[in-house]
Amino acid sequence: MNKIKVSIIGSTGYVGAEAVRGFLCHDKVELVHLTSRSFAGRKFSDVYPVYRGICDITVEDLTPEQVAEDSDLVVTALPHGVSSQTVPVLLSKGCRVIDHSGDFRYKNLSTYEGSYKLEHPHPELLKEAVYGLPEFYREQLRTARLAANPGCYPTCSLIALAPFLKAGLIRKDSIIIDAVSGVSGAGRKSDLAYAFCETDEAFKPYGVVGHRHTTEIEEQASFLAGGDGTDIRLTFTPHLAPFKRGMLATVYCRPSDSFTDVTAEKINAVYNDFYKDERFVRVLPGKELPDVKAVYGGNYIDVNGTYDPSTGVIKLFSAQDNLGKGAALQAVQTFNAMFGFDEGDGLLTTIRGV
Amino acid sequence: MNKIKVSIIGSTGYVGAEAVRGFLCHDKVELVHLTSRSFAGRKFSDVYPVYRGICDITVEDLTPEQVAEDSDLVVTALPHGVSSQTVPVLLSKGCRVIDHSGDFRYKNLSTYEGSYKLEHPHPELLKEAVYGLPEFYREQLRTARLAANPGCYPTCSLIALAPFLKAGLIRKDSIIIDAVSGVSGAGRKSDLAYAFCETDEAFKPYGVVGHRHTTEIEEQASFLAGGDGTDIRLTFTPHLAPFKRGMLATVYCRPSDSFTDVTAEKINAVYNDFYKDERFVRVLPGKELPDVKAVYGGNYIDVNGTYDPSTGVIKLFSAQDNLGKGAALQAVQTFNAMFGFDEGDGLLTTIRGV
Amino acid sequence: MNKIKVSIIGSTGYVGAEAVRGFLCHDKVELVHLTSRSFAGRKFSDVYPVYRGICDITVEDLTPEQVAEDSDLVVTALPHGVSSQTVPVLLSKGCRVIDHSGDFRYKNLSTYEGSYKLEHPHPELLKEAVYGLPEFYREQLRTARLAANPGCYPTCSLIALAPFLKAGLIRKDSIIIDAVSGVSGAGRKSDLAYAFCETDEAFKPYGVVGHRHTTEIEEQASFLAGGDGTDIRLTFTPHLAPFKRGMLATVYCRPSDSFTDVTAEKINAVYNDFYKDERFVRVLPGKELPDVKAVYGGNYIDVNGTYDPSTGVIKLFSAQDNLGKGAALQAVQTFNAMFGFDEGDGLLTTIRGV
Amino acid sequence: MNKIKVSIIGSTGYVGAEAVRGFLCHDKVELVHLTSRSFAGRKFSDVYPVYRGICDITVEDLTPEQVAEDSDLVVTALPHGVSSQTVPVLLSKGCRVIDHSGDFRYKNLSTYEGSYKLEHPHPELLKEAVYGLPEFYREQLRTARLAANPGCYPTCSLIALAPFLKAGLIRKDSIIIDAVSGVSGAGRKSDLAYAFCETDEAFKPYGVVGHRHTTEIEEQASFLAGGDGTDIRLTFTPHLAPFKRGMLATVYCRPSDSFTDVTAEKINAVYNDFYKDERFVRVLPGKELPDVKAVYGGNYIDVNGTYDPSTGVIKLFSAQDNLGKGAALQAVQTFNAMFGFDEGDGLLTTIRGV
């Protein structure tokens, strides 16, 4: 069988580089082009020495048209506002695309434009794009030209919330998501705020009102609950923690009237039932709780929940690697869904033990 | 003036050792006895080499009676259940005491006994003990024989909540405290769970239902709101983060009917007004948010808050050093209140810059 | 083709668990038994939750005889003194063995017994065992029954020194190896010395005289230089650094009379020439220097060197993952050599990008 | 008594900020001006929020003349090449100066100019400047106008070597210094190389040939050995380690003919004898070895040594805080020597326990 020709635009940021790792491990993929403006002409392994001897492809500065010419699928890891201009070119040349920006994640144009303070140049693509969470959209992905890979916080939050939203087991008016990300979430850049001496032994909230992922979570949460994407408002607070990779969400919500006699065991059972066929969503047994350590380097997301009878609050927990299931490895899973491969192809041995 | 003779029982755990650091820096204090069972006979600086040449006192294994004999004040850093038996002996010998356990923090006996699964051998002392948060109880501390130093999470949570509870600005039925602690909060022990390779690059919730600090926060929150200590139930979730020292609380609550037209500016103003005379509570300016990095090594606690108009949720943030304001340096502040010294004595230069 | 049946004795320590990771990734291997005394009866993924859904094999407490019964190859990750008793049983039952202890690494019995303060119960096996550094012993490994996987520091040191010792380019009487290991090198144990709060932000030398790896390096260095294993004495100093995985050696030596007009370029050329066919030894280009970051999670070892004309000292540098090339992934490479597979099988995608 | 008026030029880098911390703690000092180009007009506590309420002085952009006008002592934390132009102005206005750059550390002009690739605009000051290591130059510092605060690596190396060089106990032709620094040594800057995700879990050598501190160590080592500053060549290799603050040197050398029957005990005794009156040099007892953890935040430097009879190599170890004894706190000690205060003033309680 011919291998699928995959190119990665924006390959030298942390998400792009993790996409390289993911697709390198995939035996049905041939990496064709890795592009980057800043590092064009250098080998990928000069930018990331860990890849010396493993991926010595020369990074190029190509136009979308050039990339499209000999690629079946293009992964774009570009800033929002740039993706919305690059992706249509790739599609017009016949490539399928998995995009990592926020530009194609929304169905509701005004929500996008309000959140990103941008006018969308190709609003018609919002309808066509499929939200790249295979657990919920794998059927649509199979034939999608364009997959919009979810944000890291949305993936972590939605996987935790989905079984309860879909079954109407929680109230939609009082959801609070308190989340924590590793530093790689800020991207690869020379910024004093992310310098070792400023970040190590530090921990702080940021973007505490109006973080863009809030509206992305709200829209998808609404869809999961059977809504039109505009009827849920929830509270979201991200924090920055001193580790490289990883993300944990602690979600607070209240049972709806239809969820009676709530217990931790019932919550665990809801998860087990809902995700019983999902290999990358691991429902932890009993009272075991997610830890970012246990998802490092992989495409797995661990979930569990509990109930506080004293206050009537349900607590849901989910942990993932923000670059893995939260970004580029999820793109590989989506790729598998799009091209009809086993969803685990290339993704089962990326974890790190210790 | 004669110096106050201070002894520390349980001086070689992290809290006890931080108490040593705090009282060493205090020019009106003479450290008399440092006790420890495990390290008796060794110099304190053999246990903590950083103190070589700074505190070479020999650690002793003494009875409470022996310690009491030549001490004006005894700081106890003992497990709960042990403090409740040791402290009464110290008091009976005429010492004043600052205790770090949960044994004297509650006014309501049944709340204590329910939370700690212990029968209290000296319930009469619960009434006498003063909760060692000088910001709220400094008058009572002035003459107290026994101060019950608050838990780290309660200090962090209560300082954040107090101005709003006291003024009736928030609803008491929907408070959620999501908090994060550094690893030193687990104490100094040989436990695989806190080994470097198990804790570095990790982040996880723990004690997610029924953590003891929940009831401690509830009782004091009730007092702050004018209640009898039993009328508030709140949701509390602690997490463990990969840094040595530090604690951050993110508190979610809703405005009461009397708090109208809520804005971040108003929340900041409430804080500024309430804490304007408190040197250790730093209300951050504008939209600046607390970071555990900025309180490392000191007795300071940084607070600020914001308002999410989309959901009507108030978010309050507070950061402290869990061993500092969260434990042993707060004990120094309490000591100052008890002995009539300036509350800042010995506490102004313990921070670390970088 | 039938898969090779591999079992791992002592599978729940860090080295054993990394062996699990390594052999899991190998498509010609079937993992048969994972043994452990402490965790028998639990799933491997209960001990290491990262493996949930990936390796849920139940850990067993089996005798060597039981393990041998249905294994082609047994990997032993046992303390020295235990391996020397277990391995002969496995061999006698017809298994091939890769052992991770020091018990079979020496050819000279008295060096072993002096270094380990033990009498060897099976000295006849010292002659038979092949030192498991495929770069130097792959021919012998092909038919070996017993491979003695090298120590982490010896691998790192010998790969750096080999080209110069073999060609007689350096003096044998003044070699100094200054090396640094991550904390996982100390093993998985509840020990205050390796607690997060004791190890983070710490850096110290240890075992500064008589560390056992010294004699192991000396014997193999002598063989590389054409000696009988007893004619080299060198200086070795290990240090403990605050990261989980990784090892770096800085080697100081002086050119022999036959190495004239030494330059950094010549040193680089010696490395390139010597290791040109070795896929896991990466000679860095130009003046680029090894960094433990770049070998994390893999079986690669990066080397380069320079020359200080002011003092006539050659500096050699090598970096590896102490659990990877320094231990369990090297065992996979050795396995490949022993069973005639491509040496890279299962080892090319274990790295971590960021 | 009037307080000494101290100003700090370049106060917002890590060294400058640590000088602020040091002089803030000194009760005989009044901080007058803190200068910085980048942050002029902002409060020092806006740049370093940890100082909120502790040091809220407004940072200014002043000329050296303006600073000199109302300062008794000026601490300069400027790049080399800038200091050599600023310091003469300060001196000409009657200020005493402690400079942190390399510009005044050398006696031999050509060594300076060769190492720094700069022509010195005021070579006459090289003779006058006193090397700011109080342990060796306190008499000269008493009357010095200009103290050249040593480099961090030189302080760490020279304190380790001095007793042996002064007494002629080691050979001068084979000294090797292998050293490790925390990341703050690179300064406060937006540089990808020092970003958290690039530095955490990393460890690497750098500047492996010709690092400027080599010649600084050589010159002072020569003076200690009674030479003219030009007769010692030694090998020096710095490494970067993933912690904020701290530095450790491992020094390899060989006994001279006059040092017979070398043992670890004798080495320890040499240290104890030489440093018996030095409060900031702590000779560790017995076989205890320095750890950067134990010097964090203070002006202390811990030393000890051992002897490897197998190779005849002496190993010396020293650990300090690179920003403390290695930079700005040593400047406070030097200040005390210059102004006739107790050398410990302001320096005894800056450590951090855990």
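First chain written, first letter: the chains are A, B, C and D, and each begins at residue 1.
The rule is simple: a contact is a pair of C-beta atoms (placed from the backbone, for glycine too) under 8 Å apart; a residue touches a chain by one contact, two chains touch by 3 or more.
The shown structure was predicted, so the numbers you read here are calculated from the model rather than taken from an experiment.
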**Message:** For chain A and chain D, which third chains touch each of them?
**Reply:** B, C
**Request:** Name the chain pair with more contacting C-beta pairs, choosing from B-C and A-C.
**Result:** A-C
**Request:** Would you identify the chain whose Cα-based centre sits farthest away from the centre of chain B?
**Result:** C
**Request:** Averaging only over C-alpha atoms, locate the centres of chain C and chain D and give their separation in whole Å.
**Result:** 39
**Complete:** Note: chain C sits from chain B at a C-alpha centroid distance in Å of 47
**Prompt:** If you average the CA atoms of chain A and of chain C, how many Å lie between those two points?
**Reply:** 37
**Message:** For chain B, give me the residues that contact two or more of the other chains.
**Reply:** 14, 184, 197-198, 200-201, 242-245, 291, 293, 296, 354
**Fill in**
Within their complex, chain B touches chain A through residues 174, 176, 178, 180, 197-198, 200-206, 208-209, 214, 233-235, 237, 239, 241-246, 248, 250, 252, 264, 289-293, 296, 306-308, 310-311, 313, 315, 317, 319, 354
**Request:** Using the touch definition up top, name the residues of chain C that touch chain A in the complex.
**Result:** 14, 17-18, 20-21, 24-25, 48-54, 184, 201, 244-245, 279, 282, 284, 288, 291, 293-298, 300, 302, 323, 348-354
**Prompt:** Hey, which residues of chain C end up touching chain B in the complex?
**Reply:** 14, 183-184, 188-192, 194-201, 242-244
